[in-house]
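One chain, chain A, links the two complexes that follow: it is found with chain B in the first and with chain C in the second.
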Partner chain A sequence: MLWVDKYRPKTLDKVLVHEDIAQNLKKLVTEQDCPHLLFYGPSGSGKKTLIMALLRQIFGPGADKVKVENKAWRVDAGSRAIDVELTTVSSTHHVELNPSDAGFQDRYVVQEIIKEMAKNRPIDVKGRKGFKVLVLNEVDKLSREAQHSLRRTMEKYSASCRLILCCNSSSKVSEAIRSRCLNMRINAPTEGEIMKVLEFIGKKESLQLPPGFADRIAHQSNRSLRRAILLFETCRVQQYPFTSNQAIPPMDWEEYVSEIASSIFKEQSPKRLFEVRGKLYELLVNCIPPEIILKRLLYELLKKLDSELKHEISHWAAYYEHRLRLGQKAIFHLEAFVAKFMSIYKGFLIETFG
Partner chain B sequence: MGKGKRSSTIVISSSDDDEVKDKTSVRLSKSAPPRKNPKRAKKLTVSSSYSSPFQNSSAIDFDEWRQSAVATGAVGSLTGQWEHEVAVKFLHDDIVNQICEEFDQGFPQFKVTSDSSGNKDMWVEKYTPSCLGDVAVHKKKVEEVKSWFEEKLKSNADNSFSNVILISGQAGVGKSATIYAVACHLGMEVYEWRTPTPTIWQEHVHNSNSGIQYMSKLDEFESFVERIRKYGLVSASLTRVSPASVVLLIDDLPMVNGKVSYGRLQRCLYLLLQSVRLPTAILINDYGRSESAEQHSRYWEELQSSLQNAGAYKVTFNPITANSIKRALTRICRLERLKVNDEYIDFIAKSSEGDIRSAITSLQYFSLKPHPLDTLSVLNSVSTYPEEKQTETNRLDDRVLLPFGKDATLSLFHALGKFLHNKRETGSTVPSDTDVILLKEKFSRCPIKMDDPELVLCQAHGQARLVTDFLHENVLDFVNEEAIEDAWVVGAYLSDTDLLLTPSSKTWEAENVLQSAAASVAVRGVLFGNTSPLSSRWHAIRRPVLWQIDQSLKHNKNQILSRRLDDTTSASLYSHSTLATEFNPALKWLGHRVAADHQAPDEVSFDEDDCDGMSVDDEVDDDEIEEW
Partner chain C sequence: MTPVLPSSQQWVEKYRPKQVKDVAHQEEVVRVLTNTLETTNCPHMLFYGPPGTGKTTTALAIAHQLYGPGLYKSRVLELNASDDRGINVVRTKIKNFAAVAVGTAHQGGYPCPPYKIIILDEADSMTEDAQASVLVLRNALRRTMETYSKVTRFFFICNYISRIIEPLASRCAKFRFKPLTEEIMTSRILYICNEEGLNLDSEALSTLSSISQGDLRRAITYLQGAARLFGSSITSKDLISVSGVIPDDVVQALFIACRSGDFDMADKEVKNVIAEGYPASQMLNHLYDVVVESDDIPDDQKARICKKFGEADKCLADGADEYLQLLDVASNITRALDNMPQEFPFGS
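Coming up: the complex of A and B.
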């Protein structure tokens, strides 16, 4: 088992980061009925951990007994029936799923599952919580239609089920949904907090941490706790005992992106653009989401860029990120961004150096 | 005499061959050397001529014959059937020979008397090439086929090599004609598998009422192949000829849909290939394979390559050149004693796009016009117009105006070539019209050397998504090395196109408009953006890599997601992006098993050759290449 899963705190009391939020959540569910919740924050900040702990707080240990399965739904959509298959994680009290995996059929999933859950409402034996919880991941990736239908189903079935939504950016979730939920912002943990967690794990695994090592991992993790722990475990596999100047392996795709960036800096021509396209394909094919590629690429490009151009380039990155979302084929927009960058950068070079 | 004829008519209508009549209802129409050679003429290409009201001037034989037919009371109904019946099915040799002789006696005369009254004959049948020289197919190809057959004849049937030749090509490039001509030349007889006529519903109802089971065409073909394999050609008519001098011709492979029946056909052909003793020719039609990303054409290509791998010899026929068609048409005109303007023939030849069958039919249709004078005037107006404006585009328009000939379709690659090469008028850029809005320098472009891009698109039947993908894949090759700005402009337009093409559920009605708008934006964007296209002469047009990427992306995503299912240790679902960006790299470092199958699997096999082969010449408009 990976350390990320192994050292995930099981209860709200045991969490090491966001202790205040955990305590608030605990108060919230013990005192009164739970409202719909929307957790948002950067990846690796502990949203999932909090949600799991919260479920356990509500339902007791029963929430831990989960089974993972592929579930198929047959949705009747007017004239035709649509078959949707999704992976779900469920216990007797909750169901967790990624509706955005269904692609453009996501709205049927949302409607149908909530309806189904509302139908077989758990019988409330001991007078305890008479509702089920539906955990929806990646709500920000849902299409506008799906979000819309989510809103209505939320209202309709709010008596029998609670929704816990989880996403990275609340700006991509529609206002209507946001206002119907209690919004919980989960910040990225500070480097200090990450170091604390790493030291905790080190102690549990009885590892010797040289001074400054946890610091470096925390720094390289980009304030993502998950990544920090993964890096930590990777380092443990690569070399133990640790030395304080041990190399910390970078993510392969990030390295690849920085390669792309430097090749863009070297030459600006249609031919180079074509090569870049090939590299972008390579990344895409390995399931790196185009938004993340674009973001990372911008980050790498800005590193070496003259400050004069930074504003303009960021503008175009944002422009094409938006189009990426509206459009269908990511490569068109990624490539247009690269071409724009090349064009601007080349103009700049000619202007400065003649 | 009369009796013989009577029975011949029965043969025609009911195909009364003992061997053939049984449940399979396979019809082996035996045909062979054309009528010029009376001794061997067994293929009776009975066409509508026999049903035409015979002129007094026609041969006495026919007149007499017709009267005898009238006497038997058969003429009214039978002539109608004859019109559709192309090849005569066989009964017994003696009767057949008898008929043949009668026909042969009549035929030369008939042919000679072919003045305007003989026009009702289908020329395509009438002028089927009878000797190798007459075949309009390129000599090398004919030679190739001939030498293959010669080799088969020499080495006889018992060698281990496959006895199958595979001929592919467009419709009307003379595939079957070549086989017949070669067979005639070598003194072989052709047995042709004719696809049984489709069962109509009433027939089906009747059959099922009378207890006959329905067989699909594929079933019938299978049982035919089965019989060929087991017994060879056992037929009453075969007693005289040695098996070596027989060619089995499979012209029309049964149509298949779906994987299962396709698999059956493939297996069936494979068996045939393995075991057939006779030299066999299988003809395959390429239906505009350039345009299709669809499943169907991929099936056919797979089929062809699998047959080839199994040892079949493949010959590909290219479309017939305009010059060859012209020659053939001129020959027909000469034989028909028809005065047709050269330019006109030229015109038909060009518009037929290498389909000689359609060219001949066009010619016949043209000569059918009631008043030759009228046609001449039409002709004049047609032929003078191009002289006024010699541009190719105007010719294209003319084609559309004419009431016959093929529709001027462009292959998709042709159209893409036009867009990518982006040829423009040089010289004076300033338009003479005063009411044209004056554009800034950087927005003005020279006029393009083609029709409206939309028109070209329409002729190429390009779908927006398809065209966009192809343009995206290939456009960078055509952008000048220095002009990164251009590359961006093009890229920006393609990005716009993608937005337009993204289906949104709100605008079902607008979908069509959006599609064409998107195609227009893509094409015009490419034309506009690429200010100084490379003047390279030759470029292969690649198939979009994007398709492959999309497919493997889907595959990889599913794999990642399904792995999540296996990995029950983690209690919560990670999104695939988290898995891809954070877990996978880490797992790779950890030497987890995941590392092995993380490489982009290339299960989706693409037939590389079907796009590599398609290249667009710079001079796309002049395809007057005589030698291939």
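Coming up: the complex of A and C.
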């Protein structure tokens, strides 16, 4: 088992980062009064971990027994019927799904599944009616209509189910939904907290950590705990015992982007642009999201750039990333950004060095 | 082991005024509707105004007061934006509803006027076509169904009156709902605190009214959230953490970094904001307040920065990356404050 899963805290009491939030959550559910919840924060900050621990706190070990299902719904939408298929992860007490996977039909999924859950309400041994929990991921990617219909459904069926919403950015979740949930901001753990976790894992695995080693991993992880643990495990596989100057391998795609950056710096010509295009394609076919490539490329470029150019380049990065969202084909916009950069950089070189 | 469902209710629902006269701060509409209660004479209504000012509350309250619990179901139709509201749905639902005849039976001392009420909540999110079809329907109802139901009264509720088509708006009595003043907010909140046994100091109280910006529903939701998380004594810090408002020092840190004129410092601060999980759109709002209210920025610089805010907001609404947009905004603020030229030197 990967360390990321092995050392994922199972209960709210064992959480190492966000202890205060975990305690608040615990208080919340032990008072038997669980409102709808909205978790938001950057990836790798522990949203899912907290949600799973919370479910376990509410339902006990039953929440662990999950099955993955491919569910199909036939939704009656006025004059026609729509078929929607979606993968869900469910236990007897909760259902987890990613409604935005259904594309523009997401609103039907949201309505249908909540109605279905409301219909078969669990009843406990004493015959009292309980509630189920629906975990919705990536609510920020839901369409406006889906968010609208979610809002109504939330009120209508609030007696029989509780929603836990999870997203990266709360600004894309409509105000109406936010105001109906208890908002939980999960910030990325600080480097200090990441170090604490790494040392904890090191101790459990009885590893010797040279001084400064955890520090360097934490620094390279960009405040993502998941990444830090993955890096840590990679290092362990590569070389043990650790040496204090052991290289921490960057992700291979990051290395690739940094190669692209340096090749752009070396030469600015149509020929080089053509080569870069090939490399960008390579990244895209390996399923690296285009906006992440662009962000990383900007990061690499900014590192070596004169300060007077930084403003300009960051502006164009924002500009082309926006275009990329609106457009269809990512490679055009990535390439346009590279071409723009080359033109600016060449102009700058001619200006300064003649 | 299945936990028992708590009987607890949303406070927003629990403390919703049940009678028209309890609606705070909207004197004109209250006066008109009290009159309605006496004479049972009621025009079509159009309520508009910012969220949380009592529009839906007023409409529901008058409907309840007119018909009482017995007849309410058969006489009042509520249609919400979240219900499917294409043209067809609007037509069939309203038609079916209006086709059932109303009796003249008076029940339990309620006025029970001989018409039905259709409440269309969030009317501005209806398509223009759907709005037009309501209009056509209204006329059709008057002509064909007069024998059954004298007339049907519509209550339209919306945030922006400009999104309601003119022929519809001109047939209604229009009422603007004002944002609540601070005194009314505080008195209402204090009342709820009393009922729920909460302890709120004056600082928390003023924080609550400032972060909710005249929206009573939001204020009550925050209050309930804070009460659930932190128990009965609530400080202003608790309220801020529940509401998701960005604390002032975070905004100031970013602004100071922009002021320093150093791109890398601004970049670091932006990264920090994103890692802390603060939403970029809200950060823009706060930065906007800081920039507009600051006394030592000349007007032309303010204008330049605000232009960028507008652009970035549009990009964010389109789903652009938060980090890149915020970085662009920060870099623009830096350049504006340093009076760097608006045009880039090398990009042609």
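Note that the second predicted complex is superposed on the first by the 313 of 354 C-alpha atoms of A that agree within 3 Å, B and C clash if a C-alpha of one lies under 4 Å from a C-alpha of the other, contacts with A are read in each partner's own complex, and residues count from 1 in each chain.
Heads up, the rule we're going with is that a contact is a pair of C-beta atoms (placed from the backbone, for glycine too) under 8 Å apart; a residue touches a chain by one contact, two chains touch by 3 or more.
Here the structure is a predicted model, which is why all the values come from computation and not from measurement.
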Side-by-side fit of chain B and chain C on chain A, or clash: fit
Partner chain in contact with A:R185 - chain B first, chain C second, else both or neither: second
Partner chain in contact with A:S343 - chain B first, chain C second, else both or neither: both
First, second, both or neither for A:S170, with chain B first and chain C second: second
Chain A as apex of chain B and chain C, Cα-centre angle in degrees (nearest 10): 100
Partner chain in contact with A:F59 - chain B first, chain C second, else both or neither: second
A:E312 touches, of chain B and chain C: first, second, both or neither? second
Which of chain B and chain C A:A72 touches, first, second, both or neither: neither
Contacts of A:N24 with chain B and chain C, given as first, second, both or neither: second
Contacts of A:L326 with chain B and chain C, given as first, second, both or neither: both
Three-chain overlay, closest Cα atoms of chain B and chain C, distance in Å: 7
Common interface residues of chain A - those touching chain B in one complex and chain C in the other: 326, 340, 343, 347
Of chain B, residues touching chain A in the complex: 472, 476-477, 479-488, 490-492, 494-495, 497-499, 501-503, 505, 545-546, 549-550, 552-553, 556-557, 560-561, 564-565, 568-573, 575-586, 588-591, 598, 600
Partner chain A, residues of chain C touching it in the complex: 1-6, 8, 10, 51, 80-84, 86, 88-89, 125, 217-218, 221, 224-225, 228-230, 241-244, 262-264, 267, 274-282, 312, 315-316, 318-325, 327-328, 331-332, 334-335, 340, 344-348
Contact set on chain A toward chain B in their complex: 1-2, 4-5, 8, 43-44, 48, 51-52, 64, 66, 68-70, 87, 89, 96-98, 100-101, 137-138, 141, 145, 224, 226-227, 230-231, 233-234, 237-238, 249, 251-253, 268-271, 273-274, 277-278, 281-282, 284-289, 292, 320, 323, 326-329, 331-333, 335-336, 339-340, 342-343, 346-347
Parts of chain A lying in touch with chain C, wherever the complex brings them together: 24, 27-29, 31-35, 40-42, 45, 58-60, 62, 77-79, 93, 122-124, 128-131, 148-153, 158-160, 169-172, 175, 178-180, 182-183, 185-188, 223, 291, 294-295, 298, 302, 307-312, 314-319, 321-322, 325-326, 340, 343-345, 347-348, 351
